[in-house]
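Below you'll find a set of structures to go through.
Each of the next two complexes has chain A plus one other chain: chain B in the first, chain C in the second.
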Partner chain A sequence: MTMWIAATALLSHWRRRPLQLGALLSGLALATALWSGVQAINAEARASYARAAAVLDQNGLAHLVSPNGRAIPQSAFVWLRRAGWKVSPVLEGEYRFGTTRLRVIGIDPLTMPAETQTVDLGNDEDLLSFITPPGTLVVSPETAEKIRGQTGLALRVSDRMLDGAAFIDIGLAQRLLRRDGELSRIVIAENQRPGLEPLGKLVPTLSVREPNAQTDVEHLTESLHLNLTAFGFLAFAVGLLIVYSTIGLAFEQRRPTFRTLRCLGVSLRRLAVLLLAELALFAVAAGAVGVAIGYLVASLLLPGVAATLEGLYGASVPGTLSLRPEWWVSGFAIALAGTLVSSAQSLMRLMRVPLLAAAQPQAWGRSSEKGRRLQVLAAAALLAFSGALLLWADGLQAGFGALGCLLLGAALLLPAVLSGFLTLMQRMSSRALVTWFWADARQQLPGLSLALMALLLALAANVGVGTMVSSFRLTFVGWLDQRLAAELYVAARNEGEADRLRAWLATKVESVLPISSVDAEIRGQPMQIFGVVDDPTYRKHWPLIVGMPNVWDRVASGEGVLVNEQFWRRERLRIGDRLDLASEWKATVVGVYSDYGNPKGQVMAGINALITHYPHVSRLRYGLRVPPDQVADLRSNLSDEFGLPAENILDQAALKEQSRRIFDRTFLVTGALNIFTLGVAALAMFSSLLTLSEMRLPQLAPVWATGVTRRDLALIELLRTLVLWLATFIAALPLGLALAWVLLAVVNVEAFGWRLPMYIFPYEWVRLGLVALAAAVVSVFIPLRRLAGLAPSELLKVFANER
Partner chain B sequence: MAVESYICAIVLILAAMVIALRNLRKSYETAEGRLEVLRGINLDLGAGERVALTGESGSGKSTLLHLVAGLDRPDSGQIVIGGRDISKLNDRERAAYRRTEVGLVFQQFNLVPSLDVAANIAFHAKLAGRHDTKWESELVERLGIGALLTRFPEQLSTGQQQRVAIGRTLAARPGLVLADEPTGNLDEANGDAVLELMLSLSKGTGSTLLLVTHSQRLADRLDRQVHLRSGKLE
Partner chain C sequence: MSVRSIAIAFAVTTMASLSASQAAYQGFAGLGSAAEGFSVPQPGRPFRFPADHGPHPDFRIEWWYLTANLEAPDGTHYGAQWTLFRSALAPREATGWSSPQLWMGHAAVTTSEDHFVAERISRGGVGQAGVVAEPFSAWIDDWQMKGRATPGADQLAELSLTATADEFGYELRLSATGPLVPQGDKGYSLKSAKGQASYYYSQPFYAVSGSLSLPTGDIAVTGKAWLDREWSSQPLAEDQTGWDWFSLHLDTGEKLMGFRLRDEGEGFTSATWITADGRPDALPAGALKIVPVRTANVAGRQIPVSWNIQIPSRGFDVTTQPLNEQAWMSTSIPYWEGPIAFKGTVGGRGYLEMTGY
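Moving on, here comes the complex of A and B:
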């Protein structure tokens, strides 16, 4: 009963301050929403990789692989089977069915361990049709739709299959991929007979890859997930700032109630339990709302993230979200943990402060000089650490670490910088109201600093990520213009048609640029080798970053090759290094070209050298150079002459448009997260201003009494908020640019393997500034309206002796 | 002619009076209903006069002071100051009146918390357009707060705060000083010292003083006393 009465007294505080309660719950709900939303996206993507790894890579079992990335001779498998080892061969490669490129996985259903059997070949008839010509492709329903009519192989649809991949019998795969007698890896079954000769002795040139090792896709996409996690954490932290600030004030305002309850016999322990129960109640309520919003956010963002993963890494992730119980539980847990962290300081203070200490809601908003000094020292240490990481550390984690330290350091430094600016302005002013304006802004600073820090982080993230994406887009568009130099792109349906096409085109166009490639493993990495003819188009347009003199002559002669930037950086190659391209083909790296949006390494060699070493290379696709005014005629002639479907003849403009669309879709999610973060920062600002407005009367009343109208005071308050906003916005610009630089010069290079030039987009800053200004005006609107409409009796209460 | 002379004489007397309150009424809405705080107050104060306003808690002393200061409006009645009824002024005009004609000293929350002592003392004078550094220095010296000029209100004792508040009020040289329990938070010795300063300085500036106090001992030191009981003057 005592507990219930005490709880009623504590809860009555919120009934009298519904806006404060609203700020607390919405801060907590938003923090939970953005964090759990991002976690849901990451969990969905990772589950998808795990599924892909389990289904396509038999990742649950150990494998034998070639350490140098070369193909494994089939004889190794035969040798192991004869020695009694339960092993199964796998061959992988990419194959184009019409315009659809699939990852083809050749397996042997007879030897494949039962635990990794993903192809259901339950009866003899199914098995027979799978292993005998013409053979069967096992694909997902979506893939079946795409390649229907493009292949002579029978199609078997399986719901367990993933899009973009196909299982096929290994013998057929070797023929299809023209890799007779080659294997990519050998699966080792879990249960082996005892007493077998060790693998190290039987196949000393191969190494064992342990089960559940990180897949290539997981490794490649790590940066994006880290990026999303960082954004989620940023939003979570900003949300928690609101919670921290609201709880701190509420505790301070309720100190008289605490004192009364203690005097009436409620023990400190019981009071703490009640407050914890109250906070837990809020956390559960806000957590439920937050998780629901998080689910909505994740559902909205997941298609964008899936597009990003597909566009940047070639990773396939479904665009729909599954409801995972662990995700709901973790959402509630994070809400509870966040509440506890935000309220820890207030609870500790409650336990320590003497029973009769007076409440100091005004002093609560101020920080001590010592605290400020410590904050500046921490900021300097973080900024120095960020610089050290950028100078001396490598790797993606170091890049993100540097980013985190930079942002946090700058945020911690902001109150000191603003305080310095306001002091300077105060010293420069001589008129009474102007002096008070600056002095009062400085005094408000500690109470607003958390919100301003949140605003700084959100604005800097917007400027930084915006600059990165816009720089990327500008570079990408310029690069597309260079890369897609041919006016028309045509794809034949088979080699016979390709031969006829080449002969027909010889007299119809200025030049024919074959687009022929093979998949190969170079330095242990899956790569593509492209063959190019010696044509002025390449000499004039190809986007070379660095190259030897006479680079194109060297490529044409077959002596040299070009590599793409990501492979060059990943392998730390230098011009003049030698590469093994095939068993009898070594070539010198003579140049490097930019190749944005491609997750894989790529090599460009002379077409003749490619055909010599890979005689079965597919020669179905061509770029055609024709005067622009003849493109339409040529297109219709090609269609008439060869009956090619529309998707096999693409013009430059259509391809560019398609690429730009993919690019924009790829960065849609970044834009959405930016807006969310800015929204949370605006809420933080609103909540802080509202909180402060309740404590402003003792500061404003003496000025009002001395002869300044309430309307003028309200205008001054608006102006003060705008000045603080503007100063924060100005501080966010260099920070945002520093963030963009780290993203472009460090994180992107580590994550994608390419470095982009940085461009400045002041127009975008103006736009962002206006959005942030609107948010600031909205956030100050309610406190201002309250002030302008304040009855004199309210202001007079400040001076009342009974107060 | 006799009538005209009579009217002229009345006008001259009224002009000499700094404050003339006529049938002043003020009430507030409370949870228990409408509460009449002032029930028809009539009071005249002459130029340079120093009057103590006494009464029990809740008798309406502070309300009366707030009305005279132009901080609030009466329900009815007139507040004629220097021949002008300030109850008829709009918000902006009343702000200008407070800025230029009145000086206020309260028991607490007198000072602007964000300004240091020097800026607080100059604040009202600057707003009133009567900033005079020489006069302010003299006040600082007489109030004995020269060592406190760079401190902020929260760093001062209550007695020091009240000295600064008096300094700020008198620095603007207002015609009328209104003080609401200015020594209420001080011990007897400090209270006496502060009041002594206030009386002597306001005499020096020729200001009229209306001082609200509970203390009969303090009231006795002023030129005149008026006592308020249940919203009416006795």
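Moving on, here comes the complex of A and C:
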């Protein structure tokens, strides 16, 4: 017999069961899609961090920085050059061109080490126009579009440039930023000749910051990417459950075919090769579809992720996806690997079965009592391990590890729990049909358990993440109300205007709260130090987590400072610890405040102390306390008097709205992934019910023979599905809450640095329950219709033909 | 963007005199030839020292160019070069990064086997590179030519000179044994029949001692050095493609500076005969005759490395040989610059510079 005929015989199975084929392919495609979609988003974001680091931060090179955050005098650069060091100056800052704020990076192209010159500044004449007045801005195409016509400077567009940033000449940067003779950092080229005087001797006030293997942004965003990966993996695992069950069924159903083929002389090896080839074919086909859908998913989600990253971490990620070959390859690889893993058990069984073993399909997937006990043991071990991780391990990975073990353990436990429940119900019922209903449900359980496990995971993830996001939102909104106490926020355009503004405001408002901050490095971390005035607003509203008595007096006097929660947790600070804030400024930590949505550590100090130690601190922004009914008047007076553009005056409501919008965008992706996961679970349910309905004739035929109509049989089937679904849903609630707790109390603390109270939202559960119910009903619909329309002869055949 | 391209920009805008090829020159002729608000050398302007040792920002280009013929105690010959070029994008000076002055340094050490080259580029105005007339100091990064003379004395009479690069370096002390020598017509040096000219004076009488740092180790050296100071705004005529330039220390104690600017015709030659006590005799145009004797393949080009130099009116007829015929300056603007020895009616050593090949 030729290979070809054998292959045709094997494949004919799928022709007879297109729905099964559909379930297999769509399960595989969906699993691949979610996995590769998430990978694509991660890859895009990581690539853009790497690009940002390479382009903007002269990544890979050490820098000289001022440890207290003060500007570096330009003379330090000249001094180092004249001592033979190959160094190059950089001055960075924010500058507004029209209405667009750009991060301007002033460089000296003549001394910038060649290895960092990733952006092409053009030919010789472009270069000359870069360094000579009026100067050139090197920007990305998008940024160029935004600021065209807003500046008299020449624009040079470079694809390698990042959005929102511009390279300009160092001299121009000093002029625009009004920082004549100042530098932010000094880049140290890689190859220095031997025998130079050490930097520590030449510039003792500066410190060397070694190149980081991981950029700040990468570090900050790690949690988000881990989060996405975890979701992608969850969806992938759920998808593989479908593949596993479908392949298992297809193998069982084809046993007669296998036997026949073997009897006709097809060797076991050849049969295995054929089956493998068949699986590989499916994997490649479904993988291609999956990668394509994944691309679609990623391009739909990426703008949201980009917005999140921008809002939460200030990381610039393009909203469009580029096709990366490594991503295609990994998509196919994961589809193939997933297929092989899911079919390994079936293939092994095929290899072991004796040639002439009975070709009768065993009730597929029916696990023995021993197997179930093993499963329970594994579940207990996983849950215990999860608990141990939560108790004794630290770090984000441990947090996610605990989550994974918790979910997997609970899923493994589910069949045993459901079986116990059904046994109990069976014992409690007395009517024959009812007893049969429960007993039959229990008999069906092994076949459905994989789908139910998938459903449990999807529901629990929804409940858990939903609870986390909602708790976060509630806390965040309450916190915003406290934090944004001033009625109006105003920003002057320069220091002169700020002086006039302060004088003018003195008589017009209840109090003026300066919002002044400097960037500094504290305990080796990039930090912000905020200066605050002594004002009842803070005493009344500022959200403190812990604090010494008289905390605000201590802050006002300059001896004490407040730190934000993330810095407090990260550094394991205690009240009373001392911090070095500047070269001659040590202060005591007197309190901790919550500061959601801020990736950086922050310190709040008395404004006078801040100005003493950082005389150059910008004093452009102010919060204004006015009676609410005067806000509109003050606003129009401000713009009349100072000609301030609208975007320089924000009222509380607008600011809150803006913050909420950022917040909501942040969890848009999570919500979308939740829905996808639920969809995959519904598909799993559907494919399992479908397979079961085909195998259940021997069980249903006797019941039909006793007089139960096909319609009633179908109703009973529906009822049974709903009971199982409801039981799973109820089981998912505590699991979801446990998940939420781990997210709030462990993962968030590690990832963001803040711990949130947990709130319960039963209304959301009802909504989720309804969505899941709809999914269950849809998934049971086709099998039921088939049952209801079954020809009586088919049922009779069960008795006539024992197969 | 690369340092290289800015150096090329540097070269093309202003250093037309050193431009490597006719094509490049013509391509940027608009930038290279017109004076564009820059001052133009005029005959009859006397030098004012020490001010003229310093920069002249209203002229487009300027250099401080030192070449030294050196000898180790074992009789091995070496050459050393230290050059600081100034190039102005606009005829003014300003402090800070807005200064339109660009600076470029070249340093080289030549042995019979090797030719080490290094280059530095910097912007003016911030102190990374510059020249101060008194007390004299010319520097770019850690390379420096520093006057050691007392105030009031000739600031170029005593110099210390340092340059260090990855592979090589040197520290030399220079003492002038003769006066500064104006070239051309009292310092007004014609560069073409069409009137292109520069201000040009030299200090050809340095006695040198110091040490070279080479990959093989440090070597103590002594010898003779020659400093050229020159500034202009349009040093070449449009049809001139490059030059061959000689500075010769004759065994008699006399010195000879001679050059030929090449064009499509005969070329333009000029020479100054300097007596042992430093009196210049500017020879009339055409008095100097130079003819290539032998060419060699250097950096993919045919370059005359041996020359016959004749000044019939002085009975001078010598043939030069390079210490190392591969003395190629692989800098942003590449050119040949290296020590030579000559024999004939008189012997001696000197330096040869050839551009535009």
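As a convention for this text, the second predicted complex is superposed on the first by the 651 of 803 C-alpha atoms of A that agree within 3 Å, B and C clash if a C-alpha of one lies under 4 Å from a C-alpha of the other, contacts with A are read in each partner's own complex, and residues count from 1 in each chain.
In this section, a residue touches a chain if its C-beta (ideal position, glycine included) is under 8 Å from a C-beta of that chain, and two chains touch if they have at least 3 such contacts.
All values derive from a computational prediction rather than experimental measurement.
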So, does A:L268 touch the first partner chain B, the second partner chain C, both, or neither? neither
* Asked: In the superposed arrangement, does A:V708 touch chain B (first), chain C (second), both or neither?
  -> first
Of the two partner chains, chain B (first) and chain C (second), which one does A:M428 touch, if any: first, second, both, or neither? neither
**Q.** Contacts of A:I675 with chain B and chain C, given as first, second, both or neither
**A.** neither
(request) Look at A:S793 in the shared chain and tell me whether it touches chain B only, chain C only, both, or neither; answer first, second, both or neither. (result) first
**OP:** Name the contact category of A:I760: first (chain B only), second (chain C only), both, or neither.
**Re:** neither
The shared contact residues of chain A with chain B and chain C are none
Per the touch rule, the chain B residues reaching chain A in their complex are 28, 57, 62, 66, 69, 71-73, 91-92, 95-100, 104, 106-115, 119, 122-124, 126-128, 180-181, 184
Within the complex, chain A is touched by chain C residues 1-3, 5-6, 8-9, 12-13, 89-90, 96-98, 100, 102, 121-123, 126-128, 139, 141-142, 164-166
Listed in rising order, chain A residues that touch chain B in their complex are 362, 431-433, 435-436, 439-440, 442-443, 698-699, 701-712, 792-793, 795-796, 798-803
Per the touch rule, the chain A residues reaching chain C in their complex are 74-75, 77-78, 81-84, 108-112, 114, 117, 119-125, 127-128, 131-133, 169-172, 174-175, 180-181, 191, 193
